[in-house]
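Report on the following structure.
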């Protein structure tokens, strides 16, 4: 059943999966063991992913196949794009765990929280390493189930309402995805992801059927990738605790949707075949609309987390846009933005969490002169903000640069206009808070910092680390094994030269 | 029509007539007790004639004995039933008469 | 006693007789022992069927036309395994459930419960292996009377009235079924299913009206939509282990007979419009059951209404099988339907047992009263959540696979509307499961009096819930077993012993 | 009109009468009587079929079925009447709420 | 012509009586009519060459079911007047379409009957059945009477389950009344002297007749269930006549009596598996086993049916005045 090297993907999943189950049965006061288990599992996962990256580059083949039912089997396979997503998630999982331990110092139900937290990451890893559509759907739905308890963790009426909207959107999306995938299976039999698309040879159905299936798939994945009409749940889900919004609503859940779109376009349909069915143009249009719409709504938000949520809505569609443009450079832009956006957005959410936790600041209007009181957090926030706008040398610039180049190469001139306007809009909603924080005099007297640091180290270190990562990802993009390097590796596989 | 059949038919007819009388009695008589008279006496007698008629037809003595045994059981049953109903209906008449007088 | 058939029939009935006479407390333990014995017999039969194909057995040595034949193919072996598994766990649960009233009046529910319980198990076994129209009638009647007695066991006006409704409906249904059998006997002059199947092949001799009577009677017993009114209160007001078994197994027994007659015996006599009508009634059942489940305030009534919905789900199977021409997908639809029956049996059993535990602990089962469940009954909450997932059909569960197969069949047989119904069914079941699960996440205002719950009750429902998940992960073997003697293959008359 | 058709027709009539009684009558005891009449109808049909198949004796299999049917009918009736009795002890009325004059 | 005449009159009268059973406003009278219908039905069975069924119908169908219904109907008498008045007022959707319930159900019932008639008409022309098969195999079954051979050999499994149904009903009734035995049923103290006199005469005769029926079952119409029913009637008569009857049995003895036959079938079946299948017995040993099984059926059926009769009455409340329940004066 498990061929050679199959142990790796399974053990990557198992590290967070088993730990999650064990944590469930830990009773509340056992902080030490729980924190130790969490950190150990996160470190183990990073090591395993590193081995996987190293092995993959040397041409190792890691594949685990289980007989699932009749002619379908569960397939976990390591390939370039899965490493990209898995690497991002594992690293950020470690940092977010540290952050969560600090953030939830004395709140109730932590065993339940960390249990579901680990299962979410297992689901994310499952999505990353899924080798065929049925495994992808299985982990995609598991992610929905695992994230719901985190969204309603506080149990307040508001949280339950948010949980309900979240479920309505994601369950609806899940059912649509199921229908789409089953429909595809009836036409093309069991589909395994193959770079450059497998559907052209396998499919026997007429083009109309394939178009409708494409629409259904993108629609269902669009729920989690927050494409315009289906993004409603994301701002509402911000009521969840900060670590949840940070990892899940900036990285795991939304990226699962975007990653799904990458898989469908590049590994199921293949961009050339999809383009021949002229499906990519409407996708690009929807992505562009989302980009502009997300930025506009972000402008109007006073609450920091809601502003960041809408910024995520718009930033995510960069990935969809990059995927929709035929050409290796645009693909690189999309894939590398998958990582960069994740890192930058996590930094911003960490800072928002710090502000809320230590000074109780929730709105942009209360940010005047806060930098004096919390310099490190605000520097991290500034790096993240500037990165989002796309200023070099921070990571954001790299992905926008590749997207622009890709658009030029595929002569999609209007995409450049979209990128420009969205950068302007980003500036419009990130500069005011940064300016207010650094240069305005604080209106209210902030309570002095208790210890040496402005807040507990567990909240500060992750924010600083991710800020540093987003800076390095931009500055040292050329270094081998950097996100850009792996993205180019994927692009070579998807668009054979 | 052998002589036995003729006799049996005669008995059966008389039995039938008695049943008829019993039924007319039930329909015509005013109150419970008198109806009881009709049904118990006339029908049992009718049954008796019928049983004798059939016994004649039966041929073997064993079947004839069974038929008469059936008649005997029927007699016992209906006699008891008549007693019970009469006893129950006595209370009725008292109440009816009281209502009538009051 | 060399054949599993003998043990399957002998054990439960012998147990029923012994426990009926045996005084004292040891009864529930004996019941547990006997259900485990029956599970072993079912396993033995399943392995025989797996190795040597369908098994036959001529009772009293008399062959088909005169004597009564027993027959077990993959379908009955699988259902026997499900029956004995659910009954074993429910008996395990009843050890704790009935222990509380040891000090109660001279008459204890436990003493009266066990013989009826074992007779119920015996009649289920007799029904699943029976191969004779009239024998099915007697088994169904045994099932009904045992069921009614067990429902009325709870005492109190509601339980008695529910039992009365159940008895009246089932009595009328049995008579309709018997009328159908009479007409069938008039038509074929034989009662054995194999011989009738042979005679009815090709649809030349299709006693439509007789079949109408038979299916109408069985439809009432299976609580198909317009005739479902008796089910909710009967299943909700019965003692917890009884309502679990009623919803999980007894309702399915009637559906099994319909499936056996519709697919195996009268495959050529049933018409497409009849199939579409059955599907439409099923769809109406789903909508009505879910609608009621959303409005209901009492926990057990919500779960009972969901049974009506899920039974409606099963009837969607028929339009996919009949009148759509020969197609490979028919096996998918059939296997999917059976698998849904199995996984629903486990999930619904777990849900009812968990609801019983909550009622046992809180004293009432108002949904609003389910406060702080995660704190007071953690294991029950977990089994509640898992059973809910399995009921909705989210991925790790068995009904996800069932839904996958049904969807494949709907798409390949180009009947889109059933796909919409399946989607709607999923979302609606998601809605009322959400209602129950979200009640558990409400803030922890602990109710004053919680009666301590014996551990055995919580673990029983947990194991049931986990099995329904296990069905989702390990589906290969059950499907291979199902293929043994599956329909769409002519049944050979007088199967060898 | 052979004997078979006559009694089969009687079965149909009894079936209709029993079904009507079962639906219309609200008292539980009367519903049970209705069901017994339907049962009688089914048995009539079975025995009529047996009569039609008669050789030197009538077809014994339907006879066995009807005998079993009668015993099953009496046990179901007894259970129903016991239930009706207990419902009357508990609630004072011999009807189900939905048939009850809804307040 | 005459031969058909009898059938036509009989069928017609059964139909009329059935309709009257339905329409009769007073419950007690409708029950009496039901018993009358049952007895006429047993005549119909005789006409259809089914003597065994005629016996069973008279003993169980009309007899025992009848007294069960009368026993259940007794306490109803007091409310009858009120019920008749309330008859008109109906509930729920029936109120908006007064009488709709009747029309709809009448239409449904007639539709069913019509469909049934059509089905009967298009049954295959030449009759098809298992008569010859039963005739050929009967020799091996150990008894000469076809119905008994089918009932207790070819389809012994069905009979076993049927006895199971009877046992289960008794268990159910005991569970519903939340008791293990029928001690709490009050036997009537001040019954009529004539009833006790009748009991003294009838009971031994009843046992005799039951024995005769049981014995003749092997070679001519008769059989275990019919004999059991007669014994049950005797037990009921005992109870009504002031003797303890079945309610005198202790829990253990009542339980043993109820499940005797079911357990006997189990034992015989178990033994049968040694030399073949479950419930296998042939030829001479077959006859012995059938007689033994029939004996247990007689005992169990008698005890069970008498117990069911006791169950139909009220357990706790005392029934003494109910015995003299009378039909209330003609009301309405």
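When the chains are written out, they are named A, B, C, D and E in that same order, and each has its own residue count from 1.
The criterion applied here is as follows: a residue touches a chain if its C-beta (ideal position, glycine included) is under 8 Å from a C-beta of that chain, and two chains touch if they have at least 3 such contacts.
Since this is a predicted model, take the numbers as computed values, not measurements.
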**Given chain D and chain E, the chains that contact each of them** = C
**Request:** Going chain by chain, each one touching the next, work out the least steps from chain A to chain C.
**Result:** 1
**Request:** Please flag the chain sitting at the greatest distance from chain E, going by CA centroids.
**Result:** A
**Item:** Reference chain B; chain at largest CA-centroid distance
**Value:** A
**Message:** Between B-E and C-D, which chain pair is linked by the larger number of C-beta contacts?
**Reply:** C-D
**Request:** Find me the chain with the mean Cα position closest to the mean of all the protein Cα atoms on display.
**Result:** C
**Request:** Averaged over CA atoms, how far is the centre of chain A from the centre of chain B? Could you give it in whole Å?
**Result:** 98
**Separation of mean Cα positions, chain C and chain B [Å, integer]** = 57
**Prompt:** chain C to chain D: how many Å between their CA centres?
**Reply:** 27
**Mean-CA-position distance for chain E and chain A (Å)** = 73
**Complete:** Residues in chain A with touches to at least two other chains are numbered none
**Request:** Provide the list of chain E residues touching at least two other chains, using ranges where the numbers run on.
**Result:** 116, 120, 123, 127-130, 134, 150, 155, 158, 162, 165, 168-169, 172, 176
**Complete:** Touching at least 2 other chains, the residues of chain D are 15, 45, 49, 52-53, 61-62, 68, 72, 75-76, 79, 83-84, 86
**Fill in**
Every chain pair meeting the touch definition is listed as A-C, B-E, C-D, C-E, D-E
**Asked** Tell me, which parts of chain A touch chain C in their complex?
**Response** 24, 67-70, 108-109, 112, 134, 137-142, 144-145, 149, 152, 155-156, 160, 163-164, 167, 171-172, 174-176, 178-179, 182-183, 185-186
**Asked** Of all residues in chain E, which touch chain B in the complex?
**Response** 192, 194-195, 197-198, 201-202, 205, 324, 326, 329
**Message:** Touching residues of chain E toward chain C in the complex: what are they?
**Reply:** 115-116, 118-120, 123-124, 127-130, 133-134, 137, 150, 153-158, 161-162, 164-165, 168-169, 171-172, 174-176, 178-180, 252, 255-256, 258-259, 262-263, 266, 269-270, 272-273, 276-282
**Prompt:** Which part of chain C faces chain E closely enough to touch in the complex?
**Reply:** 1-3, 5-6, 9-10, 13-14, 17, 20-21, 57-62, 65-68, 105, 107, 111-112, 115-116, 119, 122-123, 126, 134-135, 138-139, 141-142, 145-146, 148-149, 152-153, 155, 160, 163, 179, 183, 185-190, 205, 207, 209-210, 212-213
**Request:** Within their complex, state which residues of chain D touch chain C.
**Result:** 15, 22, 28, 31, 35, 38-39, 41-42, 45-46, 49, 52-53, 61-62, 65, 68-69, 72, 75-76, 79-80, 83-84, 86-87, 90-91, 96-97
